[in-house]
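For reference, the structure I am asking about is given below.
Just so it is clear, A, B, C, D, E, F, G, H, I and J label the chains in written order, and each chain counts residues from 1 on its own.
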């Protein structure tokens, strides 16, 4: 499925944000679903395959619940861009944990009821990547 | 050092954002430095120890360049809050990589020329944690 | 903290379900909090230390947000009782995943908005351990 | 075998609980056997292939004793739904161990003489996944 | 506890099979319990401490349910004697699995309802170690 | 080679102990050799292929010295039957080591000059698997 | 892509420094790009394929942003030449870290805004390999 | 030893390049020896302790052959500065290997007959770290 | 390449020491090169292919600088014969290190300027394997 | 024990080969026993402690059967001298395996009925380390 989508995307010269605009979703989510790490509704799957002129088998595959995270063949990603997120966790994770607990109490930021977006921020010394994560705070149940 | 700071912070009943406000820095950075994952300038170190009534040895320690990331004794963090960041990398990493490359070309978001902030977002169905990462885009050199 | 609680518990000859009964919580949660894998509210912490005749430092410690899961020094637990849960995941996990997705769609069973209880089930051929997990279903957001 | 079963299941539009109802077994067990993590008796294997219009080679394969747990290519599963079971072990395992030992003495809950079922629990704030594990308690022999 | 037992054992010049003879148990089990990998009943614990002139704290400790397998700091044991058991699993495991399944069906040999004994077998070309494992066969439940 | 042998074995409806009886070897060894974890002499290889009506290429392959232990793709086996042997090492290994050293001195039980057999032991509460290992004791040389 | 380039390079009898000279880039970078660990601009990709008489699909592939570091299937490289770089990090890393921090303060040498070159240094007792790394110093932001 | 040296160095306000200048060695080597990753000759050890006013036990310790590389408690270093060297190996290693083999034939750059130096390179857009490695080429023997 | 060589070797009924005799090299080196872990000169490659009646593509492949050590898919080899070398390192390594340092000072035995030979030593109680390693001592440079 | 022996050895200015000469054993074995990786007979233990003027507790400790290989805290040793033995296994292991099997058949070189010696070999281009391993060949039993 991913192969077919990437080929069609290249043949048509489309970017992820263009496809996302056509189907009314965010670019990161759209790429994530097309890479097989998220599942689409039937309606969205139809839209994606319509934009890319692909068949029903791709639309079906887009709706399946994938076994996620299989791409990472090592526990620490070797790709420099992806590694930086691991490093951020490694260096800033404890500070972030302190601040979240102090503000919200014991619990977590959900990675399911969650969105993530990437933006370009213009800057005279070189543009910056801005990543906004937004997840529901889930407090631990005490029972 | 971290032990002394955490004890003084508790005794004084201060939160990270209060200490951060006193010294003019961001809460996540302040917590990160006090946990020994970042180094302070001499001026900031003096301010932190002034707020907490701590001595020069703490101020010295705050200025050292630490061996970072030592707290994580396993390659995958076991703490649920911290694990979610690993999961986000695992599920959304490839999509984020596609979008960054499409927008900026080959390179990375710096984790050094980088800030990270945590905010509370009010929401009727339960408040949300908003995390904003902001790092300079560094293009790969071709030489 | 855990050491003090276990010693007091032994000295008083109390079981976890007795302590749990006194404080109005479930036995597994009570044991989990006393082992430092969950945090208590101030009220519950006071009750626990009252039952065990322990001081305010223990009550304070019970309210902190712990770095969870640190007890497991290997990625696969060596203790036979604990390993069985890993084996259940290994053998029955894929079947459980299929059934949850078929019933609920793409998402997860929360391990935060979650309770777990242990019961004895009488059986002529040998009593059985019954474990009931109950977690909110969290559907993946599509944005 | 698994491929053939999943294709036939999809072509016929059957759910696991429907197949399970036809053959008189539980849905999780049925899915587990069809995914190659459990073996069927000859009678059950015939029923499964009858429901799905599949041949004797599938019925044969369903009766073999598989090398179990091979699907998990990392020691910690990357899929978020499956990971939650690892996290439950990591956070609640020690408390569960305490409660089982206090109630039953030294031994384990069998993962062989064992059943596991998944149910939907209606809830106004969002339905919940209820998982019931039921395993014979096996006391350690002292000899 | 283990330290105290080993010191007393050495001071009295006792072997494991002598202690085992005194308390009416098998040598391997006796050593296993004294090394903290198995728990004793109150009666056996009293006998062990009586033989070794040790106090009630040791008798108490002998009755606790230990977190088992903690001695092995690597996943593959480095000690040559212990490694050989890993090698036997590695080389002969698949053949043993075939023979057990063919004789008993799908299931396992229990490691809980289980005994293990070590014997010396006289042999002209050099004596041999004979190890007899005896575990209940547990068939997988199909439900 | 293994594929051809397993297919021929199934087609002829033979068990490992039947093949072993025909060629005058033990069942576990026979299965081990046919699974490619042990090498046969030319005579035995001929007998095996004669019983199964297989050609000279299989007989040749049976005589090669294999790279052993390759089947185990993780350091800890995920299959429940095979894992139990790892668990036995983990729980009873230290006790067995003590007893062997006390009886034989410093050295090991050979895993090369070694036999392993599986037997069924009738038992009113459920039959038992009896595994007998027999290896030459090899004392460490001091030079 | 890499296969096609290596075959063409061999057929034409070209060395990396010859190709690099033709396209006006450094040999290490040229080899890195052709091995799929760096991406080329369109112009450079055209030059490379022109030198090697290869088609547009290779030129396209050379411009993609690769998932880097995938060649290393173990976390520690087994190849002796490559391992030496790991050993240098292991033995001299802490000293290098001290000297960089003392000279530059807290931060890193960039591995993105970075060049690496290999030279032969003539020496009467045997020629030497000289490797020059040159990366921008990036100071940690304090915010 | 390292503790004593670092304390004396701090008390005297010396930098590594100053100590190195006093003893006539390179800064990286001096730091490496003082951190216990290299051994000094008696003469150099005397000079180092003279500069720092330390005793003979430190001079003795500086001359011992250390068990090297013990500081790195994970196989992949978590410190961002040190990790960059691992990343360089991961991304540029294969290209460097190609160029060394093409220039020198089969063999390695020695990490023993080896020097490494760190320099600051002034640059208008931000100074750069220049690292020069220089190791004897060792060709593989064919015998 | 390895496949072709092993097949030709088998078809001709040659042993490694016979091939080695024909080409004037040592048997272990010859086997190592043919298994793709060492590279041959053009002259030796021609001789090997002449002895085995193989073509120029094999002779070319024999001259390439291989990515060495790839055969070992786990960090600890599972094959019993190969594992013994790991065990020797594990048990006797520290003693060997002490003796080499005491005799030669700080440095290593080269594994590049290195030969290794295997011999049979007749012995009345069973023949012995004698392995002779011979590597240049390389002293650490102090600079 | 090891600490006491190393201190006494240093105070007396003895080398391993001198101690070995006094007690009539080989230097590598003597160092191995004193480092706690081998056990001595009572007679040898007495001799070692006599040479070093140490007490009975050291003599007792020298006779115990140690848990071997514990020094190696990573599966791959980080020390360059010790790593070279791992590298030799990695590069030359398969060739050695071929030659041993061809000469001796299926089996192993014992690491128990085994000696290892280190010698200096004078050489005009730099002295060489010669290591001679000598282990009994153990053929696999077929039963």
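One rule holds in what follows: a contact is a pair of C-beta atoms (placed from the backbone, for glycine too) under 8 Å apart; a residue touches a chain by one contact, two chains touch by 3 or more.
Chain labels with UniProt names: A, B, C, D, E, F, G, H, I, J = Cyanate hydratase.
As the structure is a prediction and not an experimental result, all values here were calculated from the model.
Touch-path distance (fewest steps) from subunit F to subunit J is 1. Matching F-J against the pairs in D-E, C-D or A-H identifies D-E as its interface repeat (over half of contact pairs the same by residue number). Averaged C-alpha coordinates put the centre of subunit E at 22 Å from the centre of subunit F.
Centres computed as Cα averages put subunit C at a distance of 48 Å from subunit H. Separating the CA-averaged centres of subunit B and subunit H is a span of 30 Å. Residue positions 29, 38, 67-69, 72, 75-76, 78-80, 87, 90-91, 97, 101, 107-108, 110-112, 114, 138 of subunit F each touch two or more of the other chains. In summary, the structure contains touching chain pairs A-B, A-C, A-D, A-G, A-H, B-C, B-D, B-G, B-H, C-D, C-E, C-F, D-E, D-F, E-F, E-I, E-J, F-I, F-J, G-H, G-I, G-J, H-I, H-J, I-J. The residues of subunit E lying in touch with subunit C in their complex are 67-70, 72, 75, 111-112.
Across the complex, subunit D meets subunit C through its residues 15-17, 27-32, 35, 37-38, 68-69, 71-72, 75-77, 79-82, 84-104, 107-111, 114, 116, 118, 120-121, 123, 125-138. Residue ranges on subunit G touching subunit B, taken from their complex, read 25-26, 29, 33, 38-41, 44, 65, 67, 97, 101, 105-108, 110, 112-115, 138-143. Against subunit F, the residues of subunit C that register as touching in their complex are 76, 78, 80, 83, 87, 90-91. On the side of subunit F, the complex with subunit D involves touching residues 73-74, 76, 78-80.
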